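Letters A, B, C, D, E and F mark the chains in the order given here, with residues in each chain numbered from 1 onward.
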Amino acid sequence: MTIIVINPNSNEAVTQGLRDALTPFPNVDCITLKEGPFGIESQRDSDSVILPMLDLIQTHPDASAFVIACYSDPGIDTAKSVCSVPVFGMQEAAVTTAMCRADMFGIIAIGEGSIRRHRKYMRRMGVLDRLAGERALNMSVDETARGANTYKRLTEVGAQLIEDGAQCLILGCAGMAKHRSPLEADLGVPVIDPTQAAVAMALGTVLASSF
Amino acid sequence: MTIIVINPNSNEAVTQGLRDALTPFPNVDCITLKEGPFGIESQRDSDSVILPMLDLIQTHPDASAFVIACYSDPGIDTAKSVCSVPVFGMQEAAVTTAMCRADMFGIIAIGEGSIRRHRKYMRRMGVLDRLAGERALNMSVDETARGANTYKRLTEVGAQLIEDGAQCLILGCAGMAKHRSPLEADLGVPVIDPTQAAVAMALGTVLASSF
Amino acid sequence: MTIIVINPNSNEAVTQGLRDALTPFPNVDCITLKEGPFGIESQRDSDSVILPMLDLIQTHPDASAFVIACYSDPGIDTAKSVCSVPVFGMQEAAVTTAMCRADMFGIIAIGEGSIRRHRKYMRRMGVLDRLAGERALNMSVDETARGANTYKRLTEVGAQLIEDGAQCLILGCAGMAKHRSPLEADLGVPVIDPTQAAVAMALGTVLASSF
Amino acid sequence: MTIIVINPNSNEAVTQGLRDALTPFPNVDCITLKEGPFGIESQRDSDSVILPMLDLIQTHPDASAFVIACYSDPGIDTAKSVCSVPVFGMQEAAVTTAMCRADMFGIIAIGEGSIRRHRKYMRRMGVLDRLAGERALNMSVDETARGANTYKRLTEVGAQLIEDGAQCLILGCAGMAKHRSPLEADLGVPVIDPTQAAVAMALGTVLASSF
Amino acid sequence: MTIIVINPNSNEAVTQGLRDALTPFPNVDCITLKEGPFGIESQRDSDSVILPMLDLIQTHPDASAFVIACYSDPGIDTAKSVCSVPVFGMQEAAVTTAMCRADMFGIIAIGEGSIRRHRKYMRRMGVLDRLAGERALNMSVDETARGANTYKRLTEVGAQLIEDGAQCLILGCAGMAKHRSPLEADLGVPVIDPTQAAVAMALGTVLASSF
Amino acid sequence: MTIIVINPNSNEAVTQGLRDALTPFPNVDCITLKEGPFGIESQRDSDSVILPMLDLIQTHPDASAFVIACYSDPGIDTAKSVCSVPVFGMQEAAVTTAMCRADMFGIIAIGEGSIRRHRKYMRRMGVLDRLAGERALNMSVDETARGANTYKRLTEVGAQLIEDGAQCLILGCAGMAKHRSPLEADLGVPVIDPTQAAVAMALGTVLASSF
């Protein structure tokens, strides 16, 4: 029984970050899509990983479930259409989990550009009536990964979203899991890491199948 | 670390069924609300359990999370408002999990009466655009628990819902978990047991907190 | 032919205020739920009145209609499910009446806390597309009842809501009826007292039944 | 204090029917728009009454409120924009009143043609999520007025709508008020006459103004 | 093959502006509704043109399509119901065209008053989830026609709408077509002139019919 | 000034069909994506054309607009994000054009499988409230291209959709344009060919740019 978590970019450091964030979750294997771009920053980047990711999926015929570990859920429709086991996207899992924690949720995005893509995706999900707002850190992925300022920006942007009406926050990016617990404590509302949310759902389907 | 699953009716057999369905899930403790009615069959029954359930919750100060194991999510708002740890409702968890498995979901209810209550609740959740339909077994809770016919009706009603456009099914009641796996195999679409869905989410929050 | 207006809190002064506001309406009897809390300020308070209110309802078998006179419409579903005569909630009646007076309506709430509960309730009603905004006086119920500042805050908050796009205002609380007329005159938009709106609907069903 | 109910067609028999249905309501004056067509059966008919109706409104400067007594609410926007007193439309009032009586409502229309117009109007109102269905008697206005078959068709169509999920019914036409009470008794769900619903709201605003 | 573009106000200068804006489009004939008001500025003005416009339409039995060249789409329902050839409204065409250019669109209105009417109309269209915002120039039609300030205000208001999330802009009024191209260049997002959008659709139906 | 219409499958016969259907439209150049699959029948097929289509687009730097001539609008987001000229998708254009022709539209799909993909796409567009229904011919693309039965099935399915409430029909596939005119005449409602709808919009932007 293995849950395969695919990092669709080729940055091994991101994969290692996923591994760390998922330490408490059993039976998880995090792998890197070597053919992916170093970071997924545009619609083109997102679409470019679909076919190689399908190939990667097919090299794991024994997997019990897959998680696509990029917040834009690249290739989610195609992956679901070709897999016989469950496939979870981070954005789908985070948003729906947030809907169980509070009535209105907010999202902390890395950059402005992704907010528009997320909105379109959430409209397709039919969940926009539950969105209090999405606001950007306006930092590069790189900065957020290393920067000392990241946590400070997270608390600022999170506080603004709470002002907007958010009663629960989503970290709109893989790789910020280490900030989840302190942010939840400091802001006083539930904070959701999307990778953990997706793996929890995957784990649920896998455990349910053993009953 | 304990996830308390509360059966808000006083029927111990139902609690035992929950225990069975949750065998694969770690750290779960299923308890019975002794003050609850023998079955929750009306809006009045549903509202009558709220205050005693709050009292029961307060006798478990060390719980890591609570799951209310009745598909009408009785007292969910109040429980969330007074608990410092996460509280999950079965309907909320099942519907949102279904939204991650397929675009359109269907629900198999026990009786016609509950369909209207569920619809109102799902409109409040803002998820009706994803509902393909909800259809009733039209059996009593008792019949479903014992009856040889239950599985036959589940396949019939499930097949109708697939005809209605459902690509994923929810068992709209606690206590049908043992039919989940065979139904999924026979109908060829994901089938979700709401108790397992809620406990998976609870487990996710608990595991995430240990990172 | 009697319309029973139930004040679900135990504050007799509030009941007297309802009586005053309803002076122009015929056949109205305002009663107090003695078992209710002194004020309904939380979800728990709201849920706590349901069962005693049902008992109170059953002591009035000759009533032609009931009105639950608390803006959070506590117990509305259960009351409707057990009564053979019409039951009206203040929030339901005020919001729907507002939808007949203007395209976009605004709500003046007492405190921030209730805004979230109202939003959830209005989403369940399916009417959020007509809501221009809800803003709080941020005064205690007590202050609003006595305070000289109440009218001043009402005009300030009402003006902000008009800026938000509201073309009609709802007083989101029982007990502010005396400010309705002056506020309407000063702000130049229709202002709705929810108790009066609910009693008007109740009166309509009662009169219609006599044809 | 007078509520002016305008029949926008020139058929005096219809006006007399309104008068009868409104007997229990105080302070009502039903008048006929002599310039209107004999019946409003098309979009053109509906638009043709707007300007003469505005003229008629202006000959009643002392009215406390107006009700436009045609289910397509002809000229409602313009009438509201030029009147200093409240103006109610039958469709608006009936639909919103139905939303206070039950979660899902159904409408009995005279003919198929009007169903499309109503749908567009209800989408504008933002209330389609509450509509269980609308079905037509498929009789002419004339037939419904005289025909012995009318009540039989009303019960048939009403029963179909209940099957569709309606928990409350609207008579989608002025002039069927006399069937309201028996239909409610026979079908076991609330039945709303739109003229009475609109006049009840008008009466509510008028009574509220006297406090 | 002729597309008749009707200016429903009686201002010939406006008709000439339409002619200019439509120079690149083949087979277009712009005509003036002599019975119309000099400008359409209220709901009453809008409703007043319906019947004379229907008469004007009937004097063009050979037209291949009609375009109603006023952004409030006066009489659109009636015109469609009586014409055997396609009828296009400017607002309908502009909004739907905008939905093909970007996910979220914004509208530049002439005055505050029209924003409310537009909102109601777009809710009826079912497209409000795509609206980033509508903001007014707050100039008279006259000023916009002559004023040197018009372009400056257009860029200011357009920039605010982009801040609101608009990725595409609609000029919410006939007669600003000459500003379309420069505004698109200066603001960096698609800008849509509603007359051109409606005529493009009309041309499409006419060309399609010749295949 | 050239509008490039891209057939994203490699079937030259389909491209020739597009050329025929677009004969009446000026300045159109239809080209084939040689790297595409012979037919686009799955989500994987649809995603597989994105990158080669971007390459093809970049070989036409002088194009005034692009149309992606496959009803599932493959790669539309990416194409829009990298092109400086307008890009139109057939589904987007057909649906929005239908919304200008009638209140409720219906879609004739080739096969059941695509209906689910279209629904998800239309939910993302935010237009599902205008959809009367989508029904499938249940023929292969090949059969529809040659078969004598195609027109018969189109009239049958179209008539069912009209029964469902459709007042306008969309041919949910490239390559059925030759049936548009006769179907419109036989069924009595507007029928829209999506290629023509998209090219009409493209032509509109191109002509507008020359003013």
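One rule holds for everything that comes next: a contact is a pair of C-beta atoms (placed from the backbone, for glycine too) under 8 Å apart; a residue touches a chain by one contact, two chains touch by 3 or more.
What you see is a predicted model; the values in this text were computed from it and never measured.
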item: Selected pair, out of A-B, B-F or C-E, that shares over half of its residue contact pairs with C-D; value: A-B
item: Which of D-F and D-E has more C-beta contact pairs; value: D-E
item: Whole-Å separation of chain centres (CA-atom averages), chain E against chain F; value: 26
item: Centre-of-Cα separation between chain E and chain B, whole angstrom; value: 51
item: Chain A and chain E: spacing of chain centres that average the CA atoms, whole Å; value: 42
item: Residue list for chain E, restricted to those that touch at least two other chains; value: 120, 123, 126, 129
item: Complex contacts: residues of chain D adjacent to chain F; value: 116, 119-120, 123, 128
item: Complex contacts: residues of chain A adjacent to chain B; value: 20-21, 23-25, 86, 88-89, 92-93, 96-97, 99-101, 125-127, 129-130, 177-178, 180-181, 190, 193, 196-197, 199-201, 203-205, 207-211
item: Touching residues on chain B, where the partner in the complex is chain F; value: 103-104, 129, 165, 167
item: Touch list for chain D against partner chain E, complex; value: 42-44, 47-48, 50-51, 54, 75, 77-78, 81-82, 117, 120-121, 123-124, 126
